[in-house]
Structure formats: C-alpha cells, structure tokens
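The following blocks contain the structures, represented as structure tokens.
Next, two complexes with chain A in common: one pairs it with chain B, the other with chain C.
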Partner chain A sequence: MDVEVIKSYLPNFIKAFFLTIKIGWIGIALAFIIGIVCAFILYFKVPVFSGFVKGYVELFRNTPLLVQLFFIYYGLPAIGVKIPAELCGILGLGLLGGSYMAESFRSGLEAVPVIQTESALSLGMTRRQLFIYVILPQAFSISVPAIVANIIFLLKETSVFSAISLMDLMFTAKDYIGLYYNTFESLFLLVIFYIVMLLPVSFAGSIIERKCSF
Partner chain B sequence: MGIEVIFKGRNLIRLMEGLLVAMKISLLSVVISIVLGIILGMLMTLKKPGITFISRIYLEIVRIMPQMVLLFIVYFGFAKMTGINLSAEASAVIVFSFWGTAEMADLVRGCMASIPKIQYESSTALGFTRLQTYVHVIIPQIIRRLIPLSINLITRMIKTTSLVMMIGIVEVLKVGQQIIEANRKSAPNAAFGVFAVIFLLYFLACWPISHFSKYLEKKWEN
Partner chain C sequence: MDEILKIEHLNKKFDDLTVLEDISLEVKKGEVVVVVGPSGCGKSTFLRCINGLETIQDGKILLDGETVNPPLGNIKNYREKIGMVFQSYDLFPHKTIIENLMLAPLKVQKRNKVEVRKEAEELLEKVGLSSKKDNYPRQLSGGQKQRVAIVRALIMHPEVLLFDEVTAALDPEMVREVLDVIMELARQNRTMLIVTHEMAFAKAVADRVIFMDGGVIVEDTDPKSFFENPATERAKKFLSTFEYNE
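Here is the complex of A and B:
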C-alpha cells in the first residue's frame, strides 16, 4: 500500500463521498415523506388511493434498486422522459425507501393496541386528539428500530449509483482500479469512506433505539 | 414502445436465461447461508466471550458494508493479493454467502432468544434431558419462526444478486443491454420495453416468495 497514492486519490474520493452522502440523505428524506403519506393512506384505508399504494409498495419491495434505476435512467428516456442522473438516484432511492418506510410506519400504527383507542375515546378525546396524542407517539416509537434499519439499508444501497454513471464512491474506486491498477489503495479508501458514512449512523441508531423503547 | 423487441427471435428466452443465472447464484448462496447461519447462530447463543466478540464484529461489518463493496474487495482485491483468479460467479457466491450467513445467524439468535425461559424450566421440571428439551420443545418452535424468515431471505438474496452485473456476469440486466444494443437501429426505444420487462420479471420472481413467507408467518404465529 502506497501512502502517496492514497494522498493523491483523496480529493476525488472526498468529492465522491459528499456526492454519495448528499444523494443518500436527500433520497432518505424523500423516502420518509413518501413512507408517511403512504402509511396514512393505508392506515385510514382511503378508497382508491390505498389500492394504488398497496401496488406501489409490493412492486418496489420486490424489485432490486439496480433494476429500478435502469428503468428510470435508461428506460424512461426512450419514451421521452429524460431525468438527470442525480435526480434519478434521489428518485430511485426515494421510491425504494418509501415502500420500505410505508411498511414500517404502517406496522407501527397497527401495533398500537386497540385498548389505547378505546381508553382515549372513553376519556372524551376527539378523533383528532386520539390520533395526535395517543396513536402517533406510540406508533413512532414502535417503528424506530425498523426506521433505523431502513436508513442503514438505504445508505448501503447508494453503492449501486455508479451503474447510472453517478460519480459516487463506487464509481471512483472502480475508475482508479481500471485506470492505474492500484487495487489496494482504492479498495482501502472505499472501505474507509463507507465506514465513515455508516458507522456513526449505526451507532446513533442503536442509541436512539434504546432511548425510544419503553 | 419497444416491447415488440422482446418477442423477436429468442430474446425473451435469453432474458429468462439471464434471470436463471442470477437465480442459481442466489439459490446456492442461500443454501450455504442457511447452513452456516444456523451453526453460527447456535454458537452465538452459547454466550462464550470469544465467540460473542468475533461474531459481533462480523455482524457489524456486514451491517455497514454495502454488498457491492464486499463484491469489489473479493473480486478485485483477493485476486491481486493472492494471485488466484476467482471467477466472478465464485466471488459472488462467496460474498453473498458471507452476507447471508450473518443475516441468518442474527435471525437464529433472535429466534432462540425469543423462546421464553419458562419453556426450558418446564421441560427440566418434567424430567427432560437437555437433548430432549432441545429436540422436542425448543427446536420445533424455532423452526416454525425461522422458516418464514429464511424464505424472506431468499427474496432478498435474489434482489441482491442483480449486483453481479457490475462485476461482469452476464445476467438479465446485461442481456437486456445486449438486446437494446443489437436493436438500436430497428427499435430505437427498445430500452423502455426491455427494462420494463426485466422490472416485471424480478417482481414475478420475488413477489410469490415473499407472499408465501408472509402467509406462513401468519399461519404459524402461535
């Protein structure tokens, strides 16, 4: 392993690192929003919409992100829908994550025991109060472990972005291996940057899980 | 919209063959993962400090390292380090088994931990030996919880094997690209049809399996 080589590769890896993080977290934020909206639609059994949401969740949970990205990035332009690579990555991650988040939120909402609803109603709470003060906080803390697992899963999934020619960590490493055959240095930096990206999340996740469980 | 390309010549069959390549890799990896995962999971429940420490590091590595990175390490790094040229398929099976074993071990450990202590105590009180307790009381319950979860692991493995195209294995996505390239003149918008069909093929491969796992889970709940 050559330290000079690592030093010279570092700037590009840092650039790739921030790109990966940016797309990853914006995608996760999008996944959160999609997930919450879908979970509410499923929980309140909104007619027509809940059918669509069910279809969407099944479709995206049962296909790999790589295939979804290929479809969005290479397939859609063929019928005239052109989306830039970065937006594709965010959209793909958001749609995939949304389907996972929707399932987590929904099972959280449904795991709140019925007696909580009954007790709240018998105390004279309105439906809105019941939902905001009783159901939501409990549902959220039930789904925290699943949400943390989803976030880690989604951050890991960012590694396939190189397939749609986004200059992420994977792409940079592959590029250097192909160009200069400095395999060890590239792989070393790749692993280090993924550890920097994911270890804090994994660590924070287990602390939050402990705080939120009751 | 480019869907007609699929039905030209042997294209659909070629796509299916591509999917079969991915399926073979995932099935082989699943079998290895389940066997090794059960062994590791059982070892973890022994609570020997050494084993616990090593297995926790192992699980954490798998938890935070993307499978793509592991694939690169084995496919590119291993070859350079040892000089042995692993085929892409072998690297894929090694990486996915490495990943799957950790997942499976964690499931086994979770299942073992979820068996209430009273079950062991009652068996002892009834005069069961340790072996009898495991064979007649604990293992049947674990298997019931484990089977749906391991079936679910199969679908996750199938989805993960789509990554193998990135190390040059000709599977369904690669075949799709070849078909698009071959028909670039006659059907310029084939990309839409081909990738839509691949999307659907993956869905058709995974959806029944994940539904079956959900069904078993509900059926065996208590």
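Here is the complex of A and C:
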C-alpha cells in the first residue's frame, strides 16, 4: 500500500464523501416525509389514495435502485423530462426509501395494541387526541429499529449513484482504478470512507433505540 | 328516581350472533352492581356497550337521563363521566405513572395542571403508590398497574365506574391489593358495575348481583339470596363450579 498515493487521492475522496453524505441524507429526509405521509394514508385507509400508495410501495420495493435511477436519469429524458444527476439521486433514494419507511411506520402504527385505543377513548379522548398522545408516540418507538435499519440500508445504496455519473465515493474509486490501476489503495479508501459514514449512524441508532424503548 | 344509569331493552349482535338480548337494568346512585356469569355470557360486552366502545343494534343506554348509546352528539362527553378499567393492564407504556394520570384531565377536561398534579399525587398516596409516580408502567407489578388504572379512571371524576374483570390477568397474590381498592371505593358510595370471577369478593362488595348467561339477565337480586339461595338452576350450576369438594 502506497501512502503517497492515498494522500494524493484523499482530497477527491473527501469531496466525494461529502457529496455522498449530502445526497444520502437529503434522500433519507425525503424518504422520511414520503414514508410518514404514505403510512398515515394506509393507516387511516384514505379512499383512493391508499390504492395509489399500495401501488407505489410495491413498485419501488420490488425494483432495484439502479433500475429506478436508470429510468429517471436515462428514461425520462426520452419523454422530455430532464433531471440533473444530483436531483436524480435524491429522488431515487427518496422514492425507494419512502416505500420502505412507509411500511415501517405503518407496521409501527398497527402494532399499537387495540386496548390502548379503547382505554384512551374510555377516558373521553377524541380520535385526534388518541392519535397524537397515545398511538403516534408508541408507534414511533416501535418503528425506530426498522427506521434505523432503513437509514443504514439507504446510505449503502448510495453506492449505485456512480452509474448516473455522480461523483460519489464509488465513482471516485472506480475512476482512480481506471486511470492509475491503484486498485488496492482506491478500494481501501472506499471501504474506510463508507465505514466512517456508517459506523456513527449505527452507534447513534442503537442509542436512539434504547432511549425510545419503554 | 335517583337512578343514574338506565339500560332499556339492549340488544347487541356481532354479525348474526346475538350477544346480548333484551337487557334492561337500572342502577341507582351509589349502588354497587356485580355482574357474574360464565365466560362468553356477554358480561364484558355489556360493560363495553355502556361506554360506547361497542355499537348496539337495539335499545338505549341512558346516563342521567341522556342517551349515551346509540351515540347522539358527542359520545366523548359521556365517556368522561363513565370510568372504565380493563382486564389487561392498559396504562400508556410511554408515559410515567403521573403522566398517565394527568393526560386525560389536562387534554380532555382542560383542567389546571397544578391542581391535577396535586390530585394525582393525593390519589396515588391513597393507593400506596406515591413512590412510583415517576416510574414507567413496565417497572410496576400487575397489581400496581391495575391500581394506577383505577386511579386514572377516578381522577376524571366519573359518575359511574365500570370494572371489567380487573383481577383476571393478575397473579393470585396481587388480586387482594386491587380488590381492596375497589372495596374502599364501594365504602365511598361510588356507583359501580363490576364484572368479576372473584365470588367471595362479589359477595362482599355487591349491593346487587346480576347473573347473566347466554346474553340474558337470568337473576337480578341481592347478594345474600344469590349466593346462598339461587333461584334458578343455571345460577346453581354456575355457582357449583366454584366449589371444590373431594
């Protein structure tokens, strides 16, 4: 392993690292919002909308992110919709993650025992109060482990962004390998940067899981 | 005259299955009515109909002369006045004991926080659980949780209290502490409907015993006559299941 090579690659890897983090977390935030909205629609069985949500969830959970990105990046321009690569990455990740988050939130909501609803109602709470003070906090706690797992999964999925020419970590590593054949140094840096990105999330995740359990 | 709760010709069905048939009952203020009967006779469903957790197909339930079920207007106003304690420990697991007690008075009744906290602490003191106020439900035993659940109903100042087999899920050694709390409430002349399988307790606490079987009221009498001299064969048979003679 050549330390000099690593040193010279470092600046571009750091740039790629921040780009990956940026797109990854914006995508996850989007996934979060989509997931919550969809889970509410499913939980309250909102007519018409819940049909759409079910279709959306199945579509995105059962197709690979790479295929989704190709479709958004290369497919849509054919019908005149051109989206820049970064936005494509965010959209792809958000839509994929949204379908997973929706399922996690929904199962959390449905896992709150019926007796909780009944005791809240028997205390005179309205449906709204019941949802805000009783169902939602419990559902969130139940969902936390699944949400943390989703976040880690989504951050790892960012490695396919290179396929739509985003200069993320994977792209940078492949680029260096292609240019200079320093396979080991490039892949070493790639692994290190992914671990640096994900390890804190795993740690924070288990702390949050512990704090949120009751 | 002074009846607080009135049930008129109540009929309840789950699809085609009739669970309650032509139930009529009047409960006076301060009366303790114990409902007994074999499993599946409809006694729990009957309680659940009273605070509107179940819809009814026919008949009327009135509290203070106003219809509760079928619901006219806002059922939640009536539910405030009807406290209910369930068989399974139903405390809110994400809230501490004191938060469990304060949630409904603050949000539903919009009462003053200082006053509610004071009352919650006093009530906890009465059931011997002051030291647990900042604990979470999971840190309490089943008996302690049920005592908190009773206090959570009491703090709403209900006019009627419903107890749905509140000791059925408890370990035997914890039954007593819960029954003692209910007994104390009876001494305070609270109006209560109690579904229970604890016959000795039923005999001690009841002003009146309702024996249900197959969705109908079979006997409606005072505890002494019911336990010592039941009028019907069904009641005799039911009571004999609690005896254990070699």
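One rule holds in what follows: the second predicted complex is superposed on the first by the 214 of 214 C-alpha atoms of A that agree within 3 Å, B and C clash if a C-alpha of one lies under 4 Å from a C-alpha of the other, contacts with A are read in each partner's own complex, and residues count from 1 in each chain.
We take it that a residue touches a chain if its C-beta (ideal position, glycine included) is under 8 Å from a C-beta of that chain, and two chains touch if they have at least 3 such contacts.
Fair warning: this is a prediction, and the values are worked out from it, not measured in the lab.
K.L.:
Is A:Q68 contacted by the first partner chain B, the second partner chain C, both or neither?
P.N.:
Touch status of A:Q68: first partner only.
K.L.:
Looking at the overlay, does A:S141 come into contact with chain B only (first), chain C only (second), both, or neither?
P.N.:
second
K.L.:
Name the contact category of A:L76: first (chain B only), second (chain C only), both, or neither.
P.N.:
First partner only.
K.L.:
After lining up the shared chain so the two structures overlap, which partner does A:Y133 touch, if you call chain B first and chain C second: first, second, both or neither?
P.N.:
In the superposition, A:Y133 contacts chain C only.
K.L.:
Determine, under the contact definition given at the top, whether A:E118 touches first (chain B), second (chain C), both, or neither.
P.N.:
After superposition on chain A, A:E118 lies in contact with chain C alone.
K.L.:
If you tally the residues of chain A touched by each partner, is the higher count for chain B or for chain C?
P.N.:
So, of the two partners, B touches more residues of chain A.
K.L.:
Which chain A residues contact chain B in one complex and chain C in the other?
P.N.:
After superposing on chain A, no chain A residue contacts both chain B and chain C.
K.L.:
Show which residues of chain C lie in contact with chain A when the two form their complex.
P.N.:
That would be residues 51-53, 76-77, 79-80, 82-84, 86, 88, 90-94, 103-104, 107-109, 136-138, 149, 152-153, 156 of chain C.
K.L.:
Which of the residues in chain A end up touching chain B in this complex?
P.N.:
For this pair, the touching residues of chain A are 58-59, 61-64, 66-68, 70-71, 74-79, 152, 156-160, 162-163, 170, 173-174, 177, 183-184, 187, 190-191, 194-195, 198-199, 202.
K.L.:
Would you pull the chain A residues touching chain C in the complex into a rising list?
P.N.:
115-116, 118-126, 129, 133-134, 137-138, 141, 214
K.L.:
Which positions of chain B touch chain A when the two form their complex?
P.N.:
For chain B paired with chain A, touching residues are 1-2, 60, 63-69, 72-73, 76-77, 80-81, 155, 159-160, 162-163, 165-166, 173, 176, 180, 188-196, 198-199, 202-203, 206-207, 210.
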